[in-house]
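Just below is one structure, and these are the notes that go with it.
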Amino acid sequence: GGDDEERTLTVLAAASLSETFTELAAVFEEEHPGVEVEVVLGSSTTLAEQAVDGAPGDVLATADETSMALAEDGNALAQAADAFASNRITLVTPPDNPAGLQSWADLDDPGVDYVVCAATAPCGAVAAAALTEEGVTAAPASEEVDVKAVLARVVQGEADAGLVYRTDAVAVDDDVEQIPVTDEDASAYATTYFIAPLAGDDAERADLAAEFVTLVRSDEALEIFTEAGFGGIVRE
Amino acid sequence: MHVEADLPGRVRAGLTAEAGEVLVVIGPNGAGKSSLMRVIAGLEPGRVVVDGRDWSDLAVPERRVGYVFQDQSLFPHLSALDNVAFGPRARGRARRDADRTAREWLERFGIGDLAERRPRELSGGQAQRVAIARALATEPDVLLLDEPFAGLDVSAQMALRIELGRHLRDFPGVALLVTHDAIDALTLADRVLVLDEGRVAQVGPPAEVAAEPRTPHVARLVGLNLVAVAEGEQLIAFPPDAVVVSLHEPEGSTRLRWHGQVASLAPHGDAVRLLVHASPDLLADLTPAAATELGLVPGREVWLSAKATAVSRYAARG
Amino acid sequence: MPAAIGVALLVVPLATLVLDTPWRTLPDHLGSEVVREALGITALSSLLTVVGCVVLGTPLAWLLARVDFRGRGVVRALVLVPLVLPPVVAGVALVTALGRSGLVGQHLPFSIPYTLSGVVLAHTFVSLPFYVLAVEGALRTHGTAYDVVAATLGADRWTAFRRVTLPLALPGILAGSALAWARSLGEFGATITFAGNYPGTTQTMPSLIYVALNSDPAVARTLSLLLLVLSVAVLVLLRERWAVAR
Amino acid sequence: MPAAIGVALLVVPLATLVLDTPWRTLPDHLGSEVVREALGITALSSLLTVVGCVVLGTPLAWLLARVDFRGRGVVRALVLVPLVLPPVVAGVALVTALGRSGLVGQHLPFSIPYTLSGVVLAHTFVSLPFYVLAVEGALRTHGTAYDVVAATLGADRWTAFRRVTLPLALPGILAGSALAWARSLGEFGATITFAGNYPGTTQTMPSLIYVALNSDPAVARTLSLLLLVLSVAVLVLLRERWAVAR
Amino acid sequence: MHVEADLPGRVRAGLTAEAGEVLVVIGPNGAGKSSLMRVIAGLEPGRVVVDGRDWSDLAVPERRVGYVFQDQSLFPHLSALDNVAFGPRARGRARRDADRTAREWLERFGIGDLAERRPRELSGGQAQRVAIARALATEPDVLLLDEPFAGLDVSAQMALRIELGRHLRDFPGVALLVTHDAIDALTLADRVLVLDEGRVAQVGPPAEVAAEPRTPHVARLVGLNLVAVAEGEQLIAFPPDAVVVSLHEPEGSTRLRWHGQVASLAPHGDAVRLLVHASPDLLADLTPAAATELGLVPGREVWLSAKATAVSRYAARG
C-alpha cells in the first residue's frame, strides 16, 4: 500500500539471520513506502516462546524446525511454516591452523582442542550428526551454547578447530580456514530455516507479513542468502 | 511518678516521686543508677506510672522524657544545632521554630557559636553541654540526667548548676539526676535516693542523708567516716576532723578506736587528710604540723579514735 | 599485595578490551539511531530500577535488619532467590508469573512484557537482592544505639528511620544503589527473556551488544566499551560528589 | 507497604516457578551424572570464588576506604568495570587477555580456559566488584575512630585491620561474601565464554540450565529450582549461624 | 619530653617535661587540653621530642603512649579483658601472657569479675576503669590521661588516685593528666600547666599555681576570687571567706569593693557560699545566720569588700 501513515512490521528472527534480514528489511521498505520493518533478534527458542506468549510480532523466522514446531503447537502461527534457506556445518581452524589439521579424522588426535555447539542447540544436533558421519570419536574441549561462541573460539585461537555453519565461516572469511568434508552432499551436515507469519487481528498487517514471507522466499532473497553462505534451499 | 524496676543483676528498686520534685540518685559505680533511668525511658522493661498514667507498655517515643545519656550519644551526622533541634522537630514543631528553640538553648549554655559543628569537632565539655541542651529542649514530663556535669569545667559546672537549678524550680514534672558529686546532691535535690548493688539503700531529704548516711559510698561522698556497730544494727558517723591520730594505742575506755596503716596523705583545705586502711577504711584530718610531728608517711601504723561528742549514732535501717 | 593482584585481575582484561577496540569506527556507532535508542533505554530503565530498589528495598532491608518478626528467615531467603537464579531463568520465572498468559499476568488489566515497564521490572527483580543485602549490612553495622536515642527524643520509628538510621547507613545505601544500578546496566538475560529485544522499546545496550556479538564481534566490543566508559564515568562522578558532600 | 510490594515482586515469580515444575521427573534429574557433576563444579567453583574475593577484595576494599592514595578514583572506577560489563563481554575481555592466544595468556606456561581454574577466574572477575563495594561501604560506616585507638595501643596497620577494622566490618563482609557467592552461583555468561562448557570439567549448573533451556525448558526449570533451593538453604543456614554467633 | 603543638583554632602551646614528671593540665572546656594530648599521641600533627628522640614523624603505633581517651573509646566488639590485653598483644606479647597482665590490671581496679563483659554491658564507671587499665597495660613511655576520673564514684576515685599515684611515682616516663578537679591537680601533680583558649597561661608547681592563679578558671578551681587591677598588669586573689558582704556601700578608703547581684546561694561546709554577678563574678562565704540576717536571696543587690590582709597581689604575667 502507499498510505501516508507510518506502519511498522515486526519480524522476530533468529540471531544468525541478523545481516541477511537487515538487508531484506531495507529491500522491503523500499518496495513498501511508509512501512518500517523492525527486526527483533534473539535465540530461536526464546523468540518462539515469546510469540506463543503473545509478544508483538508479525513474522517469525527460526533457525530450526523444533523452535517453529513450538510456535505452531502454541497456536502462534497464522499459516503453516515454510523452509526458506538451509545451512551446512563445516570444520574451521584458525588461519595458521596451529594443530595442522588436514581432515576431520585429525580431530581424534589427543593434542587437538576442538569445540562444538551443545547437543541441545540446533547447530549442536547437526554437528553431532556430522561427527558421526565422519567417524570422529574424541570428545570436544567444550560444548558452546551457540554457533557464534564456537566461531569466536576459533577466530581467537582459543580452539584448534570448531564446527560452525558455513554462513559463519563466510562472514569472517579471512579469519578462519575451512577443512573440506568427505561427502559434500550428505544431508547430515545440513539444517533448515523456517519462516511463518504470526497470528494477529489486523488484516492489513497480515497482508504485509505475507508479502514479507514471499520476499524472503523470492529469488532476490536467494541471492542475498547465497552471498552470505546459505545454500541448498528446499523449494516445494 | 511511680517506678518499679527489676532487671536481674542490674537493679531491683522502686521509687515514688512527686511532680515538681528533683530526686538526686547517688550510688557507687554499677549500683544500677543508669539502669533505673533506662527503665523509666522505656529502654528496659519495668513498671512506670507518671501522673497517674501507666507508661509501662508505652513505646519509647511516646514517653515524654528528656534524657541526658551518660555517654552523651550525640548524633554523629548532625550539627550541634540539629542535635538539639531533633527533639522538638520529632515532636512535631516546625523546622524554623525548632531551630530557634535549639539556638536559644545553645546560647544559654554558652556554646551558641558552635551551633554548626559536628560532635566530633567539639571538646568533651562542649559536647556535654549540647547533650544537656538536647534533653531540655524537648519539654519533657520527666527529666533524666545521667551525670550531666561530668567533664564540665568548674565555671561551666557552676553556671549549669544555676541554670539547671532555675529550670528545675519551674519544672512541673519529675527530674531524676544521677551524680557522683555531693554538691549536686545537696544543692539541687529535694530528696536523695541512694542505690547500692541494685537496691534502694536510703531515701530522704539531702540534709538527712548527709547527716546519717547508710552506705559507705554516701559517707565518703559527704566526707564522713561510717562504722557499723552493735552487730550491724547501728551505724555511727563522724567527720574526719573529729578523729584523733596517735602512734600508740590510746588509753581510756573509749571503744571507738581503730588500728591500721596510713594509705595516703593529701592536702585538704588547710589540713592534711589521711586515709587509713583500718576496718573499715577511715579518714582523718590533722594539721600539717601534727602530721610532720607524727612522721606520717604511707605505710605507717597508727591508732585512730573518735571524739565521742562529734559522733552521731543511728539505726542501720530506716 | 593481594590488593595489587585484585587490581591486576580487573585491569588486564579491561586493558586488552580497550586495546582491541576499533577506535576509528567508534564515532559512527555512536551516531547510529539504534545505539542512541538503546543507550536511552538503558539509562532510563537503570535509573528507574535504582528508584525501584530504593523504594522497595530500603524498607525491606530495614525490616530484615531491625524487626524481629516471625518468618524473617523465610523473607531473607526469598530476597536471595533472584541472586542465585541464572538471569535467563529469572526471565522465565517472570514470564511464567507476569507474562501475558502467566499465572498472575493473565488477570492484569495491562500487559507488562515487551514494554519499558517490563524491562524495569526484570531489572528490579534481578537487582533488588544486591541492594537489600548491601543496605541490610550497613544497617547492622551501626546497631541500634542511635535509634534508641532518637526514640527517647520522641521520634517514632519512621522519623528515627528517616533522620537517623538512614543518614547513618548512607554509605551502605550508596554502595547498594551503585550495585543495583550496575547490575541493571549489564543485565540482558532476564530482560531479553521477559521483555524481549525490540529496538526503541525494550532493546537495552546489553541486548544490543548480545545481538551484535552474533554478527560483528568488533562492533559488540566497541559498544561494550562505550557502555562501560559512560557508566563508570557516571559512577565515579557521583561517588566523588557524594564523598565530598559528606 | 513498599516492603510488602518488594516481597511480592520476589515471591510471585518464584512461586510460579515452583508451581510450574514437573515434580515427578525431579528425582530422575537429580540422579543423572551430568547434573551431579555440574552441581559439584558449581559448589566448588563458587566456594573458591568467595575465597578469592575475600583474599583479593578485602585488602582492596580497605585500600579504597582508608588510604588516601593518588589514583584512588581510578582504582575505584576499575573495580566497578566488571559490574557494568554484560557477562558475555566480560568473558570476551578475559579471553582477549588470558586466553591461549591472549595478550597475557600466550606468555603463560599453563592454559587457563577449559579448566576449573578458568571457571573460578571468570567468577572471581565478575563477583569481585560486588564484594569490594559491599565491604568498602561497611568499612566507611564505622569510620576510623577505633582504628585510631588501636594505633595508640601500638597496633600497626595490619594488626589494627585484623583485630579491629575487620571484626567491626563483619556484617558487611558477610553480606559481601553472600553477594559474591550468589553472583558466582548464577553466573554463566562469562564462564561459558571464557572457560567453556564441558560436562565434568567446566560445566556449571547455570551453563547446564542455559543449554537445557534451548531444548527442554521444563528440564531447565527443574534444574533451576534445584540450584535455587540448595543455594538458598545454604545461605540461610550460614546466616542464622553467623547471626547467632555474633 | 618537649612538645610544640599548633592546631589553628584549637591549641597553640609548647611544653617541656622531665622524665618521671607528672604534669597536670587544667583549663576550661575547649581550652585545647585534649587536642594537646592528641598531638603527643600523633593523632594530630605537631613537634614532639621524647627522651631526645624525635617523634614528630613517627607513626602512631610506634609512639609508646598509653592514652585514656576522654570518651573511653573501648572496642565494642571485645570483652573488657580483650580490650586491656589488646595493647600488650599488639606490642608482641604472647596471648596467655597478655591475658594475665590484663587480668591483673582489672583486678587492681576492682573489676576482675567483669572481665568477660562487652563494653555495652558495663556501667559508665566500670567502663572508665577498663579504659584506664587498657592505657596502663601497654607499659608506655608517655602516659596521656584525659579526665581519667570522670564518672567514677568517690571511693573508686580515691582508690584510683592512690593506685595511680603509686604507679606514677615509679613511672619512668612523662605522665600528662587532664582534669577539672583541683584535688587531682594538687595531689598528683609535680607541675601544673594551665591552658586557656589554646595558649599556655601558666606553668608551675601546684602550690604556686593554687596560690597565685593567673586565669579565672584556675581561681575558680582552687576556690579563690581573682580580680585584675592596675590596668590588667596585676592580679589580686583572695578566698571567699575573706569577703565581707553588706547591703550598703562600705565606708572607708578601701578600693577593693564591688557591687553586684546575688546569683546563687549554696551550702558550703558550715558556711553559705554566695555567687555574686559583679565584674568579675565573685564568691563570698558567710555564716548561715549572717545570710538570713541580710535577707540574701538570688537577685538581691549587695556590696562586697575584701579584707586587705587576706589579699595576695602579684604580676599578671610570669
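We just call them A, B, C, D and E in the order they show up, numbering each chain from 1.
Just so it is clear, contacts are C-beta pairs under 8 Å (C-beta built on N, C-alpha and C of every residue); 3 or more make two chains touch, one makes a residue touch a chain.
Bear in mind the structure is a predicted one, so any value in this text is a computation, not a measurement.
Chemist: List every chain that touches both chain A and chain D.
Modeler: Both-contact set = C.
Chemist: Using the touch definition up top, find the fewest steps from chain C to chain D.
Modeler: When the steps are counted carefully, the minimum from chain C to chain D is 1.
Chemist: Distance between chain C and chain E based on Cα centroids, please, to the nearest Å.
Modeler: Each chain reduced to its C-alpha mean, chain C and chain E end up 55 Å apart.
Chemist: With centres defined as the mean C-alpha position, give me the chain A-chain C separation in Å.
Modeler: Each chain reduced to its C-alpha mean, chain A and chain C end up 33 Å apart.
Chemist: If you average the CA atoms of chain A and of chain E, how far apart do the two points sit, in angstrom?
Modeler: 87
Chemist: Any chance you could list the residues of chain E touching two or more other chains?
Modeler: Not one residue of chain E touches more than one other chain, so the list is empty.
Chemist: Got the chain D residues that touch at least 2 other chains?
Modeler: Those would be 92, 96, 102, 168, 210, 213, 217.
Chemist: Of all the residues in chain A, which ones touch at least 2 other chains?
Modeler: 49, 152
Chemist: All pairs of touching chains?
Modeler: A-C, A-D, B-C, B-E, C-D, D-E
Chemist: Can you list the chain A residues touching chain C in their complex?
Modeler: Listed in rising order, the residues of chain A that touch chain C are 10, 15-16, 18-19, 38-42, 46, 49-50, 53-56, 146, 148, 152, 155, 171.
Chemist: What does chain C use to touch chain A in their complex?
Modeler: Answer in residue numbers: 95, 99-101, 111, 113-114, 192-193, 196-200, 211, 213-215, 217.
Chemist: Considering the complex alone, what residue numbers of chain C touch chain B?
Modeler: Interface residues on the chain C side: 145-146, 148-157, 159-160, 163-164, 167-168.
Chemist: So in the complex, the part of chain B that touches chain E is made up of which residues?
Modeler: 27-31, 33-35, 70-72, 122-126, 129, 146-147, 150-158, 161-162, 165, 180, 183, 186-187, 216-217, 220-221, 263-264, 266-267, 275
Chemist: Within the complex, which stretch of chain D touches chain C?
Modeler: Per the stated touch rule, the residues are 1-3, 5-7, 9-17, 19-20, 55-60, 62-63, 73, 75-90, 92-94, 96-98, 102-104, 121, 124-125, 128-130, 132-134, 136-138, 140-142, 168-169, 171-172, 174-176, 178-179, 182-183, 185-189, 205-206, 209-210, 213, 217, 220-221, 224, 227-228, 231-233, 235-236, 239-240.
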